[in-house]
Each structure stands twice: as C-alpha cells, then as structure tokens.
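Please go over the structures that come below.
What follows is a pair of complexes built around subunit A, which joins subunit B in one and subunit C in the other.
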Partner chain A sequence: MIDPYVRLEALDMRYPGHHAVKDLSLDIAGGEFIALMGPSGCGKSTTLRMIAGLEQPTSGRILIGGQDMTHVSADRRGTPMVWQNLALFPFLSVEDNVAFSLKMRGDSPASRRRAANEWLEKVGLGGMGKRHISQLSGGQRQRVAIARALVTQPSILLLDEPLSALDAHLRVHLQTELARLHRELKITFIYVTHSQSEAFALADRVVVMADGVIQQAGPPRAVYRAPVNGFVASFMGMNTRMDGSVAARSDGMIWVDCPEGRIAVPDTVAAGPGAALSFVIGADRMRLLGGHERAPEGHPTVAGRVVGIEFVGSTQTIFVASDTGRDFRLQRLDLGDDAVLTPGTPVTLTWDPRHAWVLPHP
Partner chain B sequence: MMRAVIRNLYLAALAIFLLTPMLVVVVFSFDANRFPTLPWGGFTLAWHREALGDALIVSAMWNSLIVSLGTAVLATILGFCAAYLDYRYRFFGKRSLMLVIAVPPAVPVTILGMAMLAALSRTPMFGTPLGVIVCHVAIAVSFAMALIRLRLGDLGDDLEQAAWNLGASQRNGLLHVVIPFCRPSLIAAFCLSAAVSLDEFMVAWFVGGVNETLSVRVFNLLLGQVNPKINAIGTLVLATSLVLVSIAQMSARVGGTRKDAA
Partner chain C sequence: MTARLEKTQAITPAGGRTRAGNRAVLPLVLGLPVALWQLAFFVLPVIFLIVITFWKVRSFRLEPAFDLGNWEKVLTSTPFQRALVYTTEVAAIASLLCMLIAFPAAHAIALGLSETARRRWIAFLIIPVFSSYILKVYAWQVVLSPGGVVNVSLAALGLPQVDLLGGALSLNIGLLTLTLPVVTLILTFALMGVDRSLLEAARNLGASGGQVLMQVTLPAIRSGVGLAAVTAFLMSFGDYASPVFLTGSNPPTLSILIVDTVKSGSQWPRASVIGVSMLVILALAFVTVQFLTQRRAGGAR
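Entry: the complex of A and B
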C-alpha cells in the first residue's frame, strides 16, 4: 500500500484489569472502506474510539494524513462518528442536529442552515429540517446521524455498529445507502461491526479481531476462503473444520489421516509426516452423493446422518453428523427435496480436495 | 365498580385532610369578619388591601423576593455543578462530599438556625439578606442537586462525547449539550429552591436580623395580635408557592418523557 491515510502504530490500550487492545498496527488507505469485525469485547470499538480521540491509548501512535494525532483532543481531529445508539441531540431540531458541528466551527447561521438542508436532501430527508427528533422513525434518525457526521465534509467517517439497532429490512436498505455515499464521497470509511454480512457487503477490506489482536486483514473473499487460523475459520462460520496428522505428500497434495479416513488437501504448508494439521472445507464446496453415485477418483467421502435443515431463502444449509461424530455443514441451492432429507436419513458427503483450505496456524 | 368508589372516596378524604388548613386561611382572608368565625361575614378584599398597605409587610415582601430569587439562582448553579461533578468525575472523597451536600435538610431546623447564626455572626453577612441567602442556599442546594442529577443520569456518556466528536470543546459541550439537556431540571430546581426559601422561617428568623422575610413578618405579627392581614399574606404566599412547585413538577415531568427521544 502506498501512502496510508490512517496509520495505527503499535496501539495498546490497557484498562485496570483488562488489556483491550494489544500492540495493534494497521494502515488504511485514503478512500478505503475498511470494516473492523469480531465478537463483542474483541477491541474493535476501542480501536475506533482511539482513532476518534475518545480514548487515549496507553502507548502507540495514531497518524491521520501524515500528522501525529495521538495527543490531539477529540474536537480537533475531524473524525466524525456515527454512533450505535445514534446519540442525536434530543433538544435540537433535525436541522440543528445536522448543523451542530458547523456551529461549533463558527459558521454563520445562514450558511449553517443551507449546508444542513443540503445534506438532509442528500440523505433523503429534504424538508424535514424543522421536525423534532422524536417525530422521526428509526431509519430517518439513522439518516440524520449520517448527515450530521458528514456535514463538515470530513476525510474520514467512523461508524460504530451503525445499523445494529435497525430491523433487518431497514438494515439492508441503509447498507446500500452507505455503499452509495462511500462511492460518491470517496472518503475513508472505518466501520465497526459484529455482522459478517454487513462487513462483506460493504468493505474493501475486513479486519478480523479477537482479544485485542488483529487475526487477519484482507479482502472479504480472501478472509472467507482462506482463514489464517482456527478463530477466523470458526468466526466465518460457514465451513467445517477437520483435524488429523500428516501421512504423506504427493502430486502437490498432502494426505492427512483423519478419523474419517485418509483425506487429501492442497500442499500449501510445510509440515513433516506425523505433524498435526487442520483444514476447513467451505459449506458451499460440499456435495451430497446421490443414491448409487460414486465419488470421483481421489475425492474423499464421509458417511453420516442428517441432523437438520435450515432454509435461508434461495439456499439451504444441511447439518450432518458424521459416523465419526463430527459436525459437517453443507450449503446448496434450495432444491425442494427436504422431504427425503428428514433428520436421521443416512447420507454421504464429498468434496473436491482442491477446495479444502489448510489453516496456516491452527 | 365498588373498588373504584372506595378508592375515590379515599383520595377525596386525603385531599381534604391535606388541603383544609390551607383552605381555611384562604377562605378567611376574604371574610369580612374581624375574627375567623362562622358564619361567613361576607366577601371583602379589605385585609389584602390592608396587608399590601402595610410598609413592614411590603418591605418583608421585597426581602423575600430578593432572598428567594438569590437562593434560586445560586442553588441552581451550585446544584448543577455538584450534580455534574458527581456524574462526570471520580475522585477521592466524592461520597463524603455528596453526603455533606445532602445532609442539611435532614438536620432539625432549630439546630440548623442556631448553627448558622453562630457561624454567620462572625462575618459581615450577619443580619443582611445576603446572609439569609447563603443559609437558604445551603438547604436548597441538596434539592436542586438531586433533581439535576436525576436528569444527568438520563444523559448517558454518548451525547457529550458526540458533541466533542463533532468539534465541541469541553466548554462548548457543556454549554450546547449538557445544559440544554438539563434545562427542564434546571427550571424545576430553580422553582423548588425559590419555594423552599420563600417558605423557610427558622433560619431566616435566626440570621435575618432586622431584614424580615415574609414568613418572619408573619411570625412577628402573630406575636402581637391575631390579625386577618395574616390570612391575606398567607394566601399570597400559598399562591406563589403553588405556582413555583407546579412549574417545578411540570418541568421535571417534561424531562422524564423526553429522555427516549435520542
């Protein structure tokens, strides 16, 4: 990456009895849409609040646009944030909420009003400036919060789980809206979320965090298909993890001895015979074998029984317990044949061994 | 059905029990009889007119006005500062400080009056309206702080931080976010402090010297003779207090219903 716009250097945040962020370094390019994700308590919100200047890191540096901002107070950073609970000012009108930062900056009342209404127009709330916050719906309030943060035309927008308080329908709608704003404004968006679907849908790059440490950073597809460790693999969710020990190497494949038998995986790591090895297979890479169908040469097969089916609209997820006691997941287009796959039905799973992904770090 | 009747009867009885003494004062202040006796001697405004014509009573009214306004202003400011201190900061001795602020209303007023007399008699404030104000503030500030602290509890951490995040300095955040948010409770605290000061007698009597407040004037009138003017003053004081307390209650309620607006 050339010329990062935001640079976090060895950030450390310690609270009494809690080490929230550990030696975190991250470069974010100008105009990038980056998503920090992870389970609650992983340090993603603390990292965002440190960028905004609302928390003072115990050690490390924060550079924005080449300037050291570590000790600059929050009101001088120009890093507006959209809050999880919105934090709109209930005693101000919609217009005055949006114009707040302009007022703090000392703009004249006339230019404040003009800019605020321009932004309300842009987020689809034209003509609502005089309303009271309590008269708005949840989605409208969310738009006010976004307009309020963007009215000063910042070069960075911070978003702290901005959609988590909305219902599913609105969430998808505002997600599209945010993507459009990012395209049009071309500024840096730093987005904190625990939702994988939001992060994948919006971000150029996702950063998976756990225990105050970055586990993996990269484009959504890379993180999804090639998790670096067991944590990221299980956080991505839609896959099955298998463990075994290395038996042999041949033709660019490693043969792994698992309870399910000897299974081939791509040879992407240096591991000697006998070494423990873990790999994952994406749920959408799994396939059920038909009644008398035989798996292609070299493709592993695992016998088990259906545990349950989850219907997710156009796709379905089938949960299978293998005879060895491992839980497998299979995702496929909804074929409408649920009737034959009642719980307890014996099935055989198979996959292309080239689609297995060996975890570099278990 | 039966239940509702019993409940309403009970509430009516309670209201009568609470209101009768005050109602007696109001009714007889308009009674043409010189002494409060039945039957009713006819409607008159003579006692009100006489009370308002009495130079001592008028000067006591001015004193009361100055003292209660001064008390209300100071108690509201100090009450806000104390409440914000408690809300925002953590420091050694905070609990003790908050206890000290809360304690005066719980001390018997005679003891409070004596103590304040002893303390003030060594200062030039003794016997001045300012002296009475200072003592009344000590009592009223605990009510003011309690009201404002309650409201600050609804503010949460995010609003003030959002203000900083949007470019407000600490001072501007306080001025443009915290204080406007607390406005209903500030109005309530102001009115309640004024009412507390207006109605307070013992301390004003101890430290006021020749600067009689209205309640002290009433007491001194009573020492002389029973005079229907007292009923007239009582009616005026009662009306003022009612207005102040009503505003305080309404403001506090506005604060309560708006908190979920964010």
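Entry: the complex of A and C
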C-alpha cells in the first residue's frame, strides 16, 4: 500500500481500569472495504469511534486523506457512521432524517429535499420520504440510516455492527445491498462486526482483534486458511486444532507426534526436534473414510465417534469426538446419509497432510 | 417467541374468558383506591366549589341559590382584573426564569456527569422538595428584611442599606425556591431518557454543539420541556406564601385576593369564583402546552 487513505498510527485508548486499544497501527487504502472483527470488548468499536472522533485517543494519530484528524472534532471529520441501533431521529420524518447533515451545513430546503429523495430512491425507499420512522420496518429503517450517512457523498463510511439487530434473512439481503453500494460508490468502508460470515462476505480485508491488539489482518481467505495464532484459529471456528511435538523433518514435511499418532504437516516453520507445535485442519478439508476404504499413503487417520450433525442449507457439519478425546469438525455437502451417522456411530477421519496449517504462533 | 405462542394457545380454548376477565378486573382493583381518593378529595370539592359560586350570602350566612351575580361582580371588578393580569405576569416571568436556570443545570447533571455524581445531584435536588416551603420563604424574609442578614452584613462593611423585601426580586427568589428543584428534576429525568447515540449521531452528521441542542436534544425532550414549564407556571400561579411574606401582599395576586374576599364579609361565593377562574386558567395552560408539545410526537398521519 503506497498511499493509504486512512492511517492509524500507534493508537492507544485507556479508560480508568481498562486498556481498550493498545498501540494499534493500521493503513487502509482508499476504496477498500475493511472489516474489524473480534469478540466483544476487543476494541474494534472503540477504534471505529476514534476514527469518527467520538472518542479521543490517549495517544497516537489518525490521518484521513493525508490530513491529521486526531484533534478535529467529530462534526468536522466527514466520517458518517451507521449505528448498531441506527440512532435515527424519532421526531423527524424519513426525509428530514436523511437530509439532517445537509441542513446542518446550511443547504437550502429545496436542494436538501431533492438530495434526500434521490438517496431514498437509491436505497429502494422512493416515495417514503414523508413517512414517520415508526411506520417503517426494521430493514427499511436500516436503509434510511445508510442513506442518511451517505447523503453528503463522503469519502469514507463507518459501520458499527449495522446488521446485527436484523433477522438472518434481512441480514443477507442487506449484505448484498452494502456490497453493491460499495462497488458503485468506490469509497472506503470500515465495518465493525463480530460476525465472521458478514466480514467474509463483504470485506476485501479483515482485521481480527483481541484484547485491544490486532491479531491478524489480511484477505478473508488468507486469514481463514492461514491463521497466525491459536486465537485467530479458534475465532475462525470451522477448523480442528491439534497439538504435538516435532519428531522429524523430511520431503518438505514435518512429522509431529500427537496422541493420535505421528502426523505429517507442511514444513513452514522453523522448529527443532522435540519442539511443541500446533496446527489446524479446516473442517472442509476433512473427509470420512468409507467402510472398507483405506486412506491414501501418508494421509493420517483418526478414529472416533459421531457426536452430532448440524445442517446449514446444503452443507452439513459433523462433530466427531476422537478416541483420544479431541473434538474434530468436518464440513461437507449434505449427502443424505445422515441416517447412518447417528450419535455414537464409529467413524474414521482423514485429510491430505498438505492441507494442514501450522500455527506460526501458538 | 414459540414458547409464548404455545402458552397463549393453551389458555384460549379452555379458560380464555376467565383469564381475560381477570386481566380487565385486576388493574381496576389496583387503581381503585387512588381513583376514589381523587373523586372524594378533588372532583367532589371542585363540583362543590362551582356550585357555591352561584350561592348567595345574606347577613354573613351562605344560602343556596342560582345567582349569576357573583360571576358578574368578580369578573368585571378592577381588583380582580388587575390581580389576574399581575398573577399571570408573575407566573410567566417566574416560569421563564426557572426554565432558563434549570435547563443548563439539568443538561449538565443528565449528560455531563458520571453515574455516581449524577445520583448525588438528584438526591441533592429531591431533599429540598421534602422540606417545608413556608419555612424557607419565612427564612428568605428574615434574610432580605431591612434588619436581615444581608443588610446587617452590608452595614458591618460600612455599605449603604438596600431595600430587598417587596418587589419582583424577592418575589422571584421565593417562587424559584419553590419551583427550581422540581423543574430541574423534571428536565433532568427527561434528558436522562434521551438516547445518547442520537446526540452522537448528530455530531457525527456535522451538527455543532448548538445545533445538537436545538435540532436534537430539545425536540427529543419536547414533552418533558412542556411538562417542566407548565409545572413551573402552575406552582407560581397558585402560590400564596411568597407573595404574602416577600411582597407583603402588594400588589395582591389571585390567591391573596381569595383570602381577602373571604375575610371581608364572608364572601365565599365570590372567593369561589376566583378559585374556579384560576382552575380554568391552569387547565387552559396545561392543555395548550400539551397540545404544543405533543402535536408532532405522533408523527405524520
């Protein structure tokens, strides 16, 4: 990134008795869709609020478009935000809500009305300007909040868990809408969420935070397939983590002694014999061996029993407890054979050792 | 959601009617004591008060009659008209002063303080409401009188005496003693109910501090502001103690006029006319403010 649009430099935020954000630095390119994610209390919302000027960092700098914004007050930053609870003004009509920022900067009533209705049209609420907020559905209110933030044609849009109050169906629908807006407007979106699926569906780059510190930043696929540490691996969820000690190295593989046996993983870290090592296998990389099927040469096998099955549309997640007491997850297309996979059924898992990922920092 | 649905379905076929009946009866039973109290000690006395306005006084004794003369006499009398204008003026000015002093304080307490500090300030405002108002007005009289604390202190410093008792200053001090804590509390509670994210959203959308106040904070607590203003007006308009102790009944307010009317010749009917007139004015003030503040709250229809 040669010329970041938003640059966070060593941001630090301390509250009495709570160090919310620790020495955080991040560059965001112009037009990038970036998602800040992590469990609640990880500092993602505080970071967003500091960018908006709603919190003053204890130390560090915030640059937007090359300008130092650290001490610019919130009303002069031009960083509109979409709130989790929407924060629509209940005493104003839909149109007046959307036109609010235009009124604040002193646009004429006629041009305000025109711009507001143009935006309402763009978010699919044409002709609803005169309505009262209480007359709108949850999804419609969400659109009003988005139109209200975008009406000044900002170069950056901040979103603080904007979809978490909606039901699953609407959430997916509005995700598509947000992706479309981002494509058309080509402005920077900074999106805070605790939902992995939202972040992955929308963002060019995800930033995983924990404890006020960035754990990993990168394209969703890279973070998903190659988590840098145990926290990111478990936050991504859909994988199985195994631990063992290094036994030997050969042919670009490391052999690891685990309770499940000696298992090969790609040789991507410098670890001497005897060193502790952790690796993860994506749930979609796991496979069940059929009745008399044998695993290919060099592919590990783990015996265990089915604990449960979860369906997500056409895919299913099978939870397996190995004989060694470890929880394994396997994700695959729904094959319709779940009748034989009742809890307690003995199964054998296998995977291609090249698909294991060694955690650089356990 | 599902559990609730099942519950409702389970009730309806069998014992639906009984339960629905209980649901309607219970609030009635719970509300009955207060309703009876209000009926016995407010509605009936007011009706009696209205009835009396048509009675006659003969040789210092009340006699039932239907005489419109009391109304005519009082409404056309100069002392009544003067007192009416004066009382309205005093109450309006005192209310305005009260709102101007109370709002910034309430804003600071509700939006600018930590949780602990806010609780302390609220307690600090509630305590005066429970202490005797008459006692406080009497104390003000002592403080402000020619031989009072202020003038004695001034004399000790070798400064000239000031005439503090009587007039708008002392009257407003008295009325503010009455209204300020209550009005500040009403505004504080109204402001505490404002969704903070609305204020942040306004800032975020480019509103300056003044614009947030005018465009978001005040509209958001419109009915609270109305209630606070009408409370200040109601309390100041009907007050008796401050005008008596701090202005020596000069000029007389409507409350003072009532007492004078009764004292001079047991004119209960005419005093009742003044009383009923005051109630009508207060009711009008209340309804007007309600109308002004609730008008747009329901939204575009």
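Quick note on the criterion: the second predicted complex is superposed on the first by the 362 of 362 C-alpha atoms of A that agree within 3 Å, B and C clash if a C-alpha of one lies under 4 Å from a C-alpha of the other, contacts with A are read in each partner's own complex, and residues count from 1 in each chain.
Just so we're on the same page, a contact is a pair of C-beta atoms (placed from the backbone, for glycine too) under 8 Å apart; a residue touches a chain by one contact, two chains touch by 3 or more.
What you see is a predicted model, and the numbers here were worked out from it, not measured in a lab.
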{"item": "Partners on subunit A (subunit B, subunit C) - clash or fit", "value": "clash"}
{"item": "Touched partner set for A:W83, first subunit B, second subunit C, both or neither", "value": "both"}
{"item": "First (subunit B), second (subunit C), both or neither touched by A:S101", "value": "both"}
{"item": "First, second, both or neither for A:S93, with subunit B first and subunit C second", "value": "second"}
{"item": "Touching partner for A:A226 - first (subunit B), second (subunit C), both, neither", "value": "neither"}
{"item": "Subunit B and subunit C footprints on subunit A, overlapping residues", "value": "52-54, 73-76, 78-81, 83, 85, 87, 89-92, 100-101, 103-105, 132-134, 148-149, 152"}
{"item": "Touching residues on subunit B, where the partner in the complex is subunit A", "value": "156, 158-159, 161-169, 172-173, 176-177, 180-181, 183, 258-262"}
{"item": "Touching residues on subunit A, where the partner in the complex is subunit B", "value": "52-54, 73-76, 78-81, 83, 85-92, 100-101, 103-105, 132-134, 148-149, 152"}
{"item": "Interfacial residue positions of subunit C with respect to subunit A in the complex", "value": "195, 197-198, 200-208, 211, 215-216, 219-220, 222, 296-297, 299-300"}
{"item": "Contacting residues of subunit A [partner subunit C, same complex]", "value": "52-54, 73-76, 78-81, 83, 85, 87, 89-93, 100-101, 103-105, 130-135, 148-149, 152"}
